[in-house]
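Notes for the one structure printed next.
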């Protein structure tokens, strides 16, 4: 049982780490702010989400699990705020960046 | 070389880097930033002292840890005061640099 | 397991660092804000992984603080940025 | 080891960026990243209490303060060409700084063996304080006088900042008035984040007696949440001449000092706690101290009064 859980953790964490890589590659390769924003939100939401999912399988107790989920939700909030505010200023016709 | 020594060397370089920025940057805000960089390096050096003092089941000596926490808070207070002074200088003179002609 | 989690933390930090220096160069402030955002998410992920790898539950609290303050700093960025004058009015 | 080498290189890279960046705003972003990475380093150095402080104050609130200052100064950013030191001076500074670094590195490599430590006596007396976290025990019991003086230093810095107000707006409202934007993202974030943030702040403070955490870290989060509601325009900063505000600011140090003086009567020494009541007294001190520090930190960030009192 614990072996299966470990395998699932490794799978989820690896996939999460892969999304961070994808996010970085996107940041490096996409030409304009809006498409860079697109890749950034992927890395945030999916990368961290999958890592949290993987770690949830290892935690002891509901309170520790709650904290992990809270960290993820707060990061989503910060990411969404950045995305909103940057999109507002980076849209065509907005102030040039 | 242990991890603690590695971070100690890192702290030593950080102090040098910060000191360089403090001397060569003409803008006060950059000097304040450099000063905080030095602070980080000094705290790191002290943290290495704490790490080497690990004993009695603790991962590090708690006394330097408490002093570093005090130090971080006091450094923040000094930074806030320095920035308030700088902004007031800017309001009075419209300048963001410290020139020799006042 | 601990070794794997530590390696994953290192991998995430390394990827994030690659992107960090590219976008810190700008050209726009938006890029720099995104750089900080990417690093904070990566740092939080690394802290969570370290907490499990090193059995330091307090590292999750550090990540929690960073997550709360990441949103706070974002607002500070935007409030301060000169171009937000128009948005603010 | 590979992990730590990577983190150390990353810290140094971000530090070089902070010093070398041409644009001040870019340098400040580098500094925020620097604080974040240092928090990681503190976890690696088995100092989670310091990691919490660094994340909260070193990166978070200091970063916010610097960002605000850099953007306010930038609006009329005068190029500082001509005031830059010449090549010779820069070279001399580089040599001097390299020597300082080399000297410090030599000290690090020549640390005495075995390393001196106060951990065993700290552990031996931990039970008497009723606390589970040795760092909190140092801050609140063994070296309580440092912490008492620190709260006073914070107040002195605030008095210094307030005294920068021009004559006409003495005792007025600190900082600019931020307009509320009822449809906006900022309002949404503030409404969502502030209650969660306050909860996290109280948790970090409360857990400090048994695990890493404590009043400074918790207070910083509370302060950040107050600043956030100000920035979102939901509340205005209070005029600094308000009586309730001043009472709030001195409540912590006052209670701390009173219990410290009571130590003379109860045990015969300043800041000594009677064994049976140690934990109760420490918590009695910590609650007002946390509130006072939170208010002080928030007002330190808000800056000197800029608008006349009504």
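Note that the chains take the letters A, B, C and D in the order they are written out, and that residue 1 is the start of every chain.
As a convention for this text, contacts are C-beta pairs under 8 Å (C-beta built on N, C-alpha and C of every residue); 3 or more make two chains touch, one makes a residue touch a chain.
Fair warning: this is a prediction, and the values are worked out from it, not measured in the lab.
Averaging Cα atoms per chain gives one point for each, and the point farthest from that of chain A is the centre of B. Looking at contact counts per chain pair, the maximum sits at B-D. Taking the mean of the C-alpha atoms as each chain's centre, chain C and chain D sit 19 Å apart. If you average the Cα atoms of chain A and of chain C, the two centres end up 10 Å apart. Annotation for chain A: residues 70, 74, 77, 81, 85, 88 touch two or more other chains. Among the residues of chain C, those in touch with two or more other chains are 29, 33, 40, 57, 61, 64, 68, 71, 74-75, 77-78, 81, 87. For chain D, residues touching at least two other chains, in rising order: 44, 46, 49, 61, 70, 72, 189, 193, 196, 200.
Inter-chain contacts, as defined above, occur between A-C, A-D, B-D, C-D. By the touch criterion stated above, chain D contacts chain B in their complex at residues 1, 4-5, 8, 11-12, 15-16, 18-19, 24, 27-28, 31, 34-35, 38, 41-42, 44-47, 49-50, 53-54, 57-58, 61-62, 65-66, 69-70, 72-73, 76-78, 80, 83-85, 89-90, 93-94, 96-98, 100-102, 104-105, 107-109, 111, 115-120, 122-124, 134-135, 137-139, 142-143, 146-147, 150, 153-154, 157-158, 160-161, 164, 214, 216, 293, 297, 300-301, 303-304.
Taken in their complex, chain A has these residues touching chain D: 70, 74, 77, 81, 84-85, 88. Contact residues of chain A toward chain C in the complex are 6, 9-10, 13-14, 16-17, 20-21, 23-24, 27-28, 33, 36-37, 40, 43-44, 47-48, 51-52, 55, 58-59, 64, 67-68, 70-71, 74-75, 77-79, 81-82, 85-86, 88-90, 95, 97.
Contacts from chain D toward chain C in the complex involve residues 2-3, 6-7, 10, 13-14, 17, 21, 23, 25-26, 29-30, 32-33, 36-37, 39-40, 43-44, 46, 48-49, 51-52, 55-56, 59-61, 63-64, 67-68, 70-72, 74-75, 178-179, 181, 184, 186, 189-190, 193, 196-197, 200, 204, 207, 211-213, 217, 221, 224-225, 227-228, 231-232.
Across the complex, chain A is touched by residues 185, 189, 192-193, 196, 200 of chain D.
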